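Below are two complexes that have chain A in common, paired first with chain B and then with chain C.
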Partner chain A sequence: MTTTATKVKTRRRRAFTRKDILTLSLFIGVPTFLHVFWVWIPAISTIGLSFTFWNGVKLSDIKWAGLANYNTVFTASPQFYDALQNNTYWLLWFTSIATPLGVLLAYQVDRAIRGHKIYESVYYIPVVLSLAVIGIIWRFMLGPAGLVQVLLGHPGIEDAIPIFGNYSINTYVILGIASWRHIGYIMLLYLAGLKSVDPSLREAAAIDGATEWQTFRKIVLPAMAPVNTIIIVITVIESLRAFDLIYIIYGTSTGWPILGMLVFVNIYGQAASMLGAAYAVILFLLSIIPIVFYLRTVFREDIK
Partner chain B sequence: MSGIVKDQKYRNRQKYKDALITTFIAIFAVVWMIPILWTFWTSLRPYSDIIQKGVFSRPDTLNLRNYADAYRLMNIWEYLSNSFIVAIPAVFLTLFFGSLIAFVVTRYSFKFNLYLLLLFTAGNLLPVQLVYAPLFKMYIWIGDLVGNRNILYDSYLGVILIHVALQVGFATFVMSSYMKTIPKEISESAMVDGASVFRHYWNVILPLLRPPLAALSVLMTTWIYNEFFWAIVLIKSDNKRPITSALGRLQGEFVTDFNLLAAGAIMAALPTLIIFFILKRQFVSGLTLGSTKG
Partner chain C sequence: MSNEVKENGVSRRTVLKGAAVGGAGLLGGGTLLSSCGSDEATGPVKFTARTNDETGLKIAQALADAYTAETGIEVTMQGSGDTNAFQDGISQYLQGTPDDAFQWMAGFRTNFRADQGLLVDLSENISNLGDQMPAGFVSGATNPTDGKQYIIPTTWYPWGLHYRKSTMQEIGLDPEGLYNWDDFMKLLEGTKKKGLIGYALGDKGGWEAMGTFSILNTRLNGYNYHIDLLNGRAQWTDQKTVDVFKRFEMLIPYMNKNVLDISWDGMRDLLLQKKCGAIMMGSWWANDFKAQSQADYDDLWIVPFPEINPEFGRDSIDAPVDGMCAATNGTNPEGGAAFAEWCGSENGMLAAQAAGDTSLYANSRLDSSGYDAFNKQKLAVIGEAKNVMNFLDRDCRNDFAGPIVGVQIQNFLKNPADLNKILEETQAAWDALPPLS
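Up next is the complex of A and B:
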């Protein structure tokens, strides 16, 4: 009796009615269609187009180019190496300074130092601002008649020192502005993760006489291993993707070239060139490593 | 005995260190706020005041004149509403689609579940520049095909759809990790009761998803509101621009009128700042759900 009952149960659970199958197909089908057609098909097309010559107007004008675009990028585009260098600076600065600062800040805020609620908000505010607003805000700081100019003794509009156009300092300035936003972002991400660390671990460490620095290094960092990976990966992906801030400061003039901008200037506007597609593919190839790391970390249980 | 003395010593030293760290963080917090406060200060003063007396002068007048002027001259309201016309449907659709996929993937054991999750999550992480050129062309071709070139290109719909297509990956990921914590028994009893798939989703699962839906809607509204790339690339008409890309143009037009521009920038920032201060908890939990699984 009981066995037949369970059999009926399982059969009823497994078998979908025709309506259910339709519902399930729509549930999966509609979002997947949108995602594949809007994201993956264009992405794969860009890879294909990077091997062609095309001005972006008529499909019939597409001509096979082989590796010619890549050849141009690697041998005849000094901007490419400048961009690669700038993306590398960005990456190194973010991974070695901005992200660790955000992590340490999160640790201190999580320890509930005095005023931690205020600091949490203050450091996060730049993250909710759009980069368009950030661009304007920093122009008031650094541009002609800006606060920094006045402090440096150049209050007039005419005698302003060029800061964004000065090649010996603009890298630091840009990375500084970018960090202004990045540190708060990392802080909040890490803070979210820290809440899941068992507090008794830290109490035990404190009773054993560990200093806060030792507790952080020996207890918190290892306990946060998956979050650490995610944060490093996010930092790398953000460094490769960088675009908005540079566009706001320099427009399309490539005053401080980065890969994301080179894609844009080669495709945007009337005279498109598939050099832009080649740049996009290079950007993609560089992003694959962090993306795979990310997927492996967040889906590690499912993949097993 | 000596152990206690040592303890005391440690604790005292830690106290000094804590004081030092707190001071440091406090000083930095002030530095962090200066750019925003400075912009706000600039926005309250008339331009002529600054020109005549210099940036650091004591202001004769402090008022909201610049706000009224910027509001009128810069069409701020139009751009702000454009931003919301894009952001609200985009967030709504993203969460709806994300919840559908997350529901199927976590409540049924199909073979393709993991691949589906990987596809969406990876798509969310692709650099947008890789998608840009063909998508742009695709929009124009679809427009020509249906006889209305502006159906996707230079239209709200086109911008909304690309936001949804990209962000649905993040929403799916967050909601599916949340859903794994909902006991399987709830679904099993629904299935045993003979509920259809739709009822199972709509009446059983969706009400349980309220926490991640709240968190994600806050996070995504600010992301999409602040988004910049697609707004430049896909919107050509000035009267359809969202506030982010409009500010870029206004910056060129009002380049000499600092105070007006400052007021415009503050107004553009207000919606996200208000959302942040009112719904701070949702922000944090949204990021928690996204960064630590389960």
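Up next is the complex of A and C:
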């Protein structure tokens, strides 16, 4: 009895037992299989299909197209550059306005200003809603005969103020709606980070006579470095993957084109062609850079 | 029997393909199991109504109930939800586990899916209907690729100028006497003076304004030019096409200011609420007027779009044909085909009519003597035209109609001054389309 036990013990030191192997292959193998099957195979197929002409139904209809789809996207798409521009606006707005605002709110709430509990809840509420639901809410509020229209004295459809279809303001309206949720999201993430900053650091700074701004810049911000990276990457990803809000407000008619919508319209809709795959690859290339950055940071933290 | 094997083969390939491309094919899972054992045409039938509104669903349910009462076959009806989303997802829907029968549209949208093997050949069902189905509808439902029919035509409707008789009376105008463009401009001016919207338009959906574009093009340049333009045999940068948009621009001062914020239902509501003079639209929503009140329905009228170029007069019209298709991948495709056939038959039409459907029927047994005044007027409007079109997004390939033409008309409405750039882009987009396989 004892000999077998020691045997097992020594063997365990050297190599995995059969049970370990089984456990490992289940815990690593199954997720890996699912990941490869549902993420990598579709992704690689999409990249391959972006070099073909296909309507998405019969496999035998796939025809090699070379770079034709990309050529169409860059030279003959009436919407590609508009979409790129809108995604860029979204990114700039989020990085320069929405995210800093979320950070500011988190900082104020963390300082326990008067009524901070109320602010915290008020700003956090939109985060529990998906962007699709947010789209529905704001479409009803701002659309013809919506609440905002009624409050502005334009209750009828005939004199409804053009909002979503008004191209001089709709960019700000859409970004405002998206920020409504994004600010709360960033606030919560940052707040969680702030709670983990040792309060004695700030006390020491205060004793040394540092101003509020100096404390934030020199003490809090460096202490929050990992959270900052995550927030930057989340902001970039949110801006590029934007889709649901636009789909709910405009449908597939792309009244405010973005890349995600062009992928959808051209790969899924009645107009299925592999032009959509080409858009998807372009979007993928734009996203992969922040994602790699993000994953590297996360893994580095884990190793620490 | 061999046909059945082939159908199963199609669905099997579809599932494999679905797995290969990921997302879209998720629906395919149940197909293999369900497409077996569907030999008898007597099993229960599932049916998708292409509608999301109360009136449409009521009519669809009435069809299902009447069929059950007549044949004893159980029919489960469901609405399609948002119709634009249903149209967008149709290829995926048909590759998954679709209902056996569904309401659909004749033209490119049917023929294209038929070529992919997703629709049941209904040629036999059409011939069963015999003289009930006029030859014009049979040819309209025929797929040019193989000469077979994949849709049972049920109803159709004209696109024309809709207005309320009472509104026009108040203004002191008579649209029935309206024949040419000058008369039309006078009418728009008159409505505008009265403080109403002259020509209400909503193009949020991206297709509504196609109706205006098509009719202007056929009035100015004729039917042949229009069809040629949609199929690449004429240029978007031609002066003839530019002229069409110049006419379109003449209508803008009479439009509501929120064209890109409202959809077709907004146009309908503007007319229903007496806020506008006329709308250029197909009359399928007349049912909603009837649902509101008989008086509203009686007040509704339609006239053809006015003449612009005397060479073509008023010889063309958009009059799309709707119908019923059966899905190859349905649980009971034979049952679906039989139900589709019944919906196109006299009894099916009578059931729809009894439930409040005010459409024009394809079936010849329902002769026009049974029609109300508005329907008779619709027939007269269609009857005046020599060339019948299926509407822009059914008359040309789908990857051009929606993502290019629809978007570019929206861009034009956004900023008419960009016209030349818009037309150059449209032509470039046509030239870049892949071969149609």
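Following the convention adopted for this analysis, the second predicted complex is superposed on the first by the 279 of 304 C-alpha atoms of A that agree within 3 Å, B and C clash if a C-alpha of one lies under 4 Å from a C-alpha of the other, contacts with A are read in each partner's own complex, and residues count from 1 in each chain.
Note that in this section a contact is a pair of C-beta atoms (placed from the backbone, for glycine too) under 8 Å apart; a residue touches a chain by one contact, two chains touch by 3 or more.
Note that this is a predicted model, so its numbers are computed, not measured.
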Just to be sure I read the superposition right, which of the two partners does A:38 touch: chain B = first, chain C = second, or both, or neither? both
Determine, under the contact definition given at the top, whether A:72 touches first (chain B), second (chain C), both, or neither. second
If we overlay the two complexes on their shared chain A, which of chain B and chain C does A:192 touch? Say first, second, both or neither. first
Who does A:294 touch here: chain B (first), chain C (second), both, or neither? first
Which of the two partners, first being chain B and second being chain C, lies in contact with A:164: first, second, both, or neither? second
Quick check for you: in the superposed arrangement, does A:280 touch first (chain B), second (chain C), both or neither? first
Counting only touches as set out at the top, which of chain B and chain C does A:17 meet: first, second, both, neither? first
Looking only at contacts as defined up top, I'd like to know whether chain B or chain C touches more of chain A. B
For A:152, using the defined touch cut-off, is the partner it touches chain B, chain C, both, or neither? Pick first, second, both or neither. neither
Contact-wise, after the overlay, does A:28 reach chain B, chain C, both or neither (first, second, both, neither)? first
Under the contact definition given at the top, report the residues of chain A touching chain B in one complex and chain C in the other. 38, 41-42, 45-46, 49, 56, 268, 272
Parts of chain B lying in touch with chain A, wherever the complex brings them together: 6-7, 10, 13-14, 17-18, 21-22, 25-26, 29, 32-36, 38-39, 42, 50, 54-56, 97-98, 100-101, 103-104, 108, 114, 116-123, 125-138, 161-162, 164-166, 168-169, 172-173, 188, 191-192, 194, 196-198, 201, 222, 225-229, 232-233, 243-245, 247-248, 251, 258, 261-262, 264-265, 268-269, 272-273, 275-277, 280, 283-285, 287-288, 291-293
Touching chain B in the complex: which residues of chain A? 9, 12-13, 16-17, 19-20, 23-24, 27-28, 30-32, 34-43, 45-47, 49, 56, 105, 108, 113-115, 118-119, 121-126, 128-133, 135-141, 145, 147, 150, 155, 180, 188-189, 191-193, 195-196, 209, 211-212, 226-227, 230-231, 237, 240-241, 243-244, 247-248, 259-260, 263-264, 267-268, 272, 276-277, 279-281, 283-284, 287, 290-291, 294-295, 298-299, 302-303
Taking the touch rule as given, give the residues of chain A at its contact with chain C in the complex, in rising order. 38, 41-42, 45-46, 49, 53-59, 61, 63, 65, 68-69, 71-72, 75-79, 143-144, 156-167, 250-255, 265-266, 268-275
Provide the residue numbers of chain C that touch chain A in the complex, in ascending order. 13-14, 16-17, 20-24, 84-85, 87-92, 95, 109, 112, 116-118, 197, 200, 204-207, 256-262, 266, 269-270, 273, 275-276, 398-404, 406-408, 410-411, 414-415, 422, 425-426, 428-429, 431-432, 434-435, 437
